[in-house]
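Okay, got some structures for you below.
Okay, so chain A shows up in both of these, paired with chain B first and chain C after.
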Partner chain A sequence: MPQAPEVSIAAAPEGGYPVLEEGLRPAAASAPTFKHSRLQRLADRWAHLGFLICSLLVVVLIGGILYFLATRGLAAFLPLAGNTGRALSFSEVFLSADWAPSSDRFGILPFIAGSLGVTGLALLIAAPAGVLTGVFIAKMAPAWMRNLMRQVMDLLVGIPSVVYGIFGLTVVLPLVSRTWLADAPASGFAVSALILAVMIVPTIVSLSTDAFESLPAALDEGAQALGSSRWQAIWRVLIPAARPRLLTATVLGLGRAIGEAMAVQMVIGNNPQWMALMRESTDRAPFLRALFTPAATLTTELVQELPNTAAGSTWNNVLFAMGLLLYLLTMVLILATRRLGRGKEA
Partner chain B sequence: MNAAAPVFRRSRTSKIVDRLMRGVLWAIALTFVAVLILFVGAILKQGWPVLNLGFLTKMPETLDAGGGIKPQIFNSIYLVILSLGISLPVGLGAGIYMAAYAGQGRALRFLRLCIETLAATPSIVLALFGMIVFVQAMGWSFSIRSGALTLALLNIPVITRVTEVSLLAVPRELKEASYGLGATKLQTILKVALPYAATGILTGLVLTAGRAFGESAILVFTAGTNASAHFPDFRLTVPGETLSVHLWYVTSDGTLPDAREIAAGTAAVMILVLLTLNLLVRLVDRAIRRRTR
Partner chain C sequence: MKIRFMAQAILAGLFVAGAAQAQTVTVMGSTALGPIVKKAAEDYMKSHPGVQIAVSGGGSMTGLNQVTSGGCHIGISDVFATPDQEKAGIKNHNIVVQPFTLIAHPGVGVKNLSAQQAEQIFTGKVGNWQEVGGQNRKIVRVIRPESSGTRAVQKKTILHDQEFAKDVLIQDSTGAVVTAVATTPGAVSFVELEHLEKNKNRIAGIAYNGVACSNESVKSGKYPVFSFGHAYTNPAKLGDPKVKQAVEDFLAYILSPAFQQNVLKAGYLPVDYVKSLKTKL
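Moving on, here comes the complex of A and B:
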């Protein structure tokens, strides 16, 4: 493709030729081919401005969300005039497991641990299943199965989180409780993670299908020419080759899981004291017990308590700090996907 | 090095492993098919006994059994339309800018980063933002307008992305021909590129509508958990509980004696609506493909 010299839009000749995307420009870069009327030029310029404003709005939004969450979230740690309570220290919020807002104790460690725990468990199921389904769709399934899987994933991703929640509440919880727990309540990490896994699998599947489909065909053909079986080609050539994008898919799935609120809130049991409960328990299999202990996460606690707190109270501010934490986490994850994708095609 | 030696060993075990893993992959994929069928089946089965004309056309009860979901249906549709009305122009504009104006440099990369971040932002975080800005700072409290504006934030990145992708898929020859005929950039975008990309954008729009229809976290904190007692209430200042919020609220609130039935019925209605939307997209898609083939 002939590389035209970089011409910025601002420097285009008056009423000049249109600048096309992707470095494609009219061959004669110096002479405008058509004279456009004043009205056309004006409309062009105003439209350009309008489109620019629309995209700037998105940038402003990203900053605005950060600003407003920070003003409320950080207020918990600052001795501000509008606060009704005292200023907290970072360590008593982020490093303490003691959540008792009515007694002025605001340790959010149980929610951070809860979010990480439920997300980790969900990924443990969804990441391998998602990647393998991706490679299945891209490299193994016959056409009818490929189509069927696409439709299944489209539908799974379109189901609202409250419907996942009600399914978990009315179908999965009773089933698990009846079959494995001798009718003891089953809410907790295990069922939440299972529901979450189904919710994030479509994201991982569709991104990893893309990843496998965009690999050069020569890789697969080469492996087969060297005598690989289908699975050997997948396991030793295709998956390693697609790895950066598979990791990106997993990270985006992680982001979805950690931010999900309603479905998890409906099945996790909403117990902010779950860590204390675990510590006191003398159970022989603490991990297994933790799976079925009612717990709470950053998002579920927000849904649970935000409506009951007064704006400006320390309690309310700490809840907003939890929201800020979620937002910062999103940003870190997105930047991480950039890192992972670097060196590959953007 | 012996170049003739095969790189992959085809032993008996490798053949068995290959068989086994093919089976595993099929099993995983079929599990998801089964999960979906089970899921939709269970929701519809639970909701079926509740679904009747009365349920769809009655006002909800606050304490007694037998309430309907008429205002929630209205609010769901109203909020989806309003939020799309806000996010469509912004998303289209931003998508057009990214596809046709932003070039290939740092500006485009930064814009993409912002869109991706907004798309990945948890809806509960958007809810907090909407609560601070619209509900509290603007003093709009829990209302349709707070909800619609916050919901629009959820839609904008999706519409932007769909617009950008659909526009980039427009064949270069079409655009070149348009410029060759003397069209300005704006004319090329409006009269050549957008009509070509319209089907892609429309498909994306329907999917966005489905997502907005199912959204609950945002609306609990911005549109509230109450529905107006008037019907139909087009005012933007009243609280607007939607179907998804209603489903969540009756389940977690627990004052209704028939909360379970109401929730089951509401879930079934939502699934039916989304299945219909999905079918619609598929039919449109198929019709278009047949036409262009």
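Moving on, here comes the complex of A and C:
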């Protein structure tokens, strides 16, 4: 088609560019439609290849990490050739609270319970605080404050976790210990959860602010027009309407909390024997005591022991199994997030 | 095409010439021993221009794993090799002595512990400083993770191979231990002597059986709590006799009187301070 119109990039024809059929290609090529030089076309092709490789690399990397974790982690349970240690049963690893690797006992229940406990507590603090701050920023705050709050939240997200950890170790722990515990050490779930909560609040706030801002104004206005108070409009209309996205925000915060190692490691006390200690304790308020008992989580134990254990030993393999468990937990959380995110259209 | 080929040939030639000229010895392992071995390597390379010594970290276990599998020539470690690794035929060289001391929060009111008291504190039989002559304050035991070399030394020397109490605070590094002890009233722990000397204003040293830890008390044999820094080689995997020669020569240099004087400055003691003493570590 020699009479092909000059097509400029700026003005695309209605309905997009005409699709060239395979047979028409030579004609189209001879037509002076786009005057790309040979060099440009070459660069395009290479760029295309580059992008493809990059995106494939990400997929390969994620798959590779899973494969690596799975082979090393499952080696703890299989009598493999490269294994210098013995093969364990699932129950003595996942259902036992007795962790003493140098004495050949590998119960990781204290770490699983520790991770879930500290994350749950952190969420208990951070989710209500985050969502309510989100409502405030989106629906109540004056414009200048909204801008300020948004910037502060972005800043908080960017602070490295080790800084939160140092703050916890040098400020919060001594303060709590002096104020409420008569100088007894404050390491444990309470302070760890508090630090984690501070870390994940910004994530929850940012996402829930977005959630409330994306709601149609008609919802709020309608509720108020029907005579509901500010509180009723928020509690009965806005929060239910934003619920799927609020859940997504919470789950993302949860994901960040459960994977956090550095900050928790510095304040939790890292004691793998905490469950045994609790069982032996004769305290009349065991729950309160548990809050201030040095404990350990999956991540803190990995950080502490992995660099110092011999590759291929049972100990090392069990640590990889813990890593695999964390990976799978995070995957489940991400899948849950997508599920919840999809729920918002319904 | 021709130019390319020539360039390749020249590069390959350089490579071969370089390889023939310099023997490269790789050292991996303990980050605690790394600095002193690096210093030895720098000094050694000055007097031996034909030898390249590359020191990298990774941790004691990495060093032991790598030297066992032939991944490096020398594996440096704070701890002894595992029985499996010893079966593979790796050979131990004690290169430095590392003295350890008990430390506590300055307010505990105790300056000395007998061997029995120290053992009972860490196994959990004693829970209050009052029971060992100090203030009425709960004892907070701060220790290192199970895989740590310091903890292994402590278990062997102070606890005589008994289990640690369940009620403990665990800190990842010696620095974190010092911070925890300094900020927690009633805390007690166990660190390398140099960390006490660097933090004298924050933490208090505790004498063991009436003897304070010092270079002199270790040398005189009065103070029994110390360990060796190890350098392991794997004679079966050294292969090239020139490399083997370089490795042996370098280890001999570390143990030479001239270099052993340097280790004092780095917080270690020369090996011959304790040559006459019998120790399991």
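Note that in this section the second predicted complex is superposed on the first by the 296 of 346 C-alpha atoms of A that agree within 3 Å, B and C clash if a C-alpha of one lies under 4 Å from a C-alpha of the other, contacts with A are read in each partner's own complex, and residues count from 1 in each chain.
Just so we're on the same page, a contact is a pair of C-beta atoms (placed from the backbone, for glycine too) under 8 Å apart; a residue touches a chain by one contact, two chains touch by 3 or more.
Note that the coordinates shown come from a computational prediction; the quantities given were computed from them, not determined experimentally.
In the three-chain model built by superposing on chain A, chain B clashes with chain C. In the superposition on chain A, A:A310 makes contact with chain C only, not with chain B. In the superposition on chain A, A:V152 makes contact with chain B only, while chain C stays out of contact range.
Of the two partner chains placed around the shared chain by superposition, neither chain B nor chain C is touched by A:L219.
In the superposition on chain A, contact of A:M266 is made with both chain B and chain C.
In the superposition on chain A, A:S177 makes contact with chain C only, not with chain B.
In the superposed pair of complexes, A:L109 makes contact with neither chain B nor chain C. In the superposition on chain A, contact of A:L74 is made with neither chain B nor chain C.
In the superposition on chain A, A:Y327 makes contact with chain B only, while chain C stays out of contact range.
Of the two partner chains placed by superposition, only chain B is touched by A:V58; chain C is not.
When the two complexes are overlaid, the chain among chain B and chain C that reaches more residues of chain A is B. Once both structures are laid onto chain A, the chain C stretch out of 27-35, 63-71, 153-161 or 171-179 that overlaps chain B is 171-179.
Within chain A, the residues touching chain B in one complex and chain C in the other are 169-170, 265-266, 303, 307, 311. On the side of chain A, the complex with chain C involves touching residues 84, 100-103, 169-170, 173-174, 177, 183-185, 187, 265-266, 269-273, 276-277, 280, 294, 296, 303-305, 307-311, 313, 315. On the chain A side of its complex with chain B, the touching residues are 9, 17-24, 26, 33-34, 36, 40-41, 43-44, 47-48, 50-55, 57-59, 61-62, 64-65, 68-69, 71-72, 129, 132-133, 135-137, 140-141, 145, 148-149, 151-156, 158-163, 165-167, 169-171, 198, 201, 223, 226-232, 234-236, 252, 255-256, 258-262, 265-266, 299, 302-303, 306-307, 311, 320, 323, 326-327, 330-331, 333-334, 337-338, 346. Note for the complex: chain C touches chain A at residues 58-62, 64-65, 82, 84-85, 137-138, 140, 145-149, 163, 166-172, 176, 179-180, 183-187.
By the touch criterion given at the top, residues 6-8, 10, 14-15, 17-18, 21-22, 24-26, 28-29, 31-33, 35-36, 39-40, 42-43, 46, 89-94, 96-104, 109-111, 113-118, 120-126, 128-129, 131-133, 136, 153, 156-157, 160, 168, 172, 175-176, 179, 182-189, 207, 210-211, 213-217, 220-221, 244-245, 247-248, 251-252, 260, 263-264, 267, 270-271, 274-275, 277-278, 282 of chain B touch chain A in their complex.
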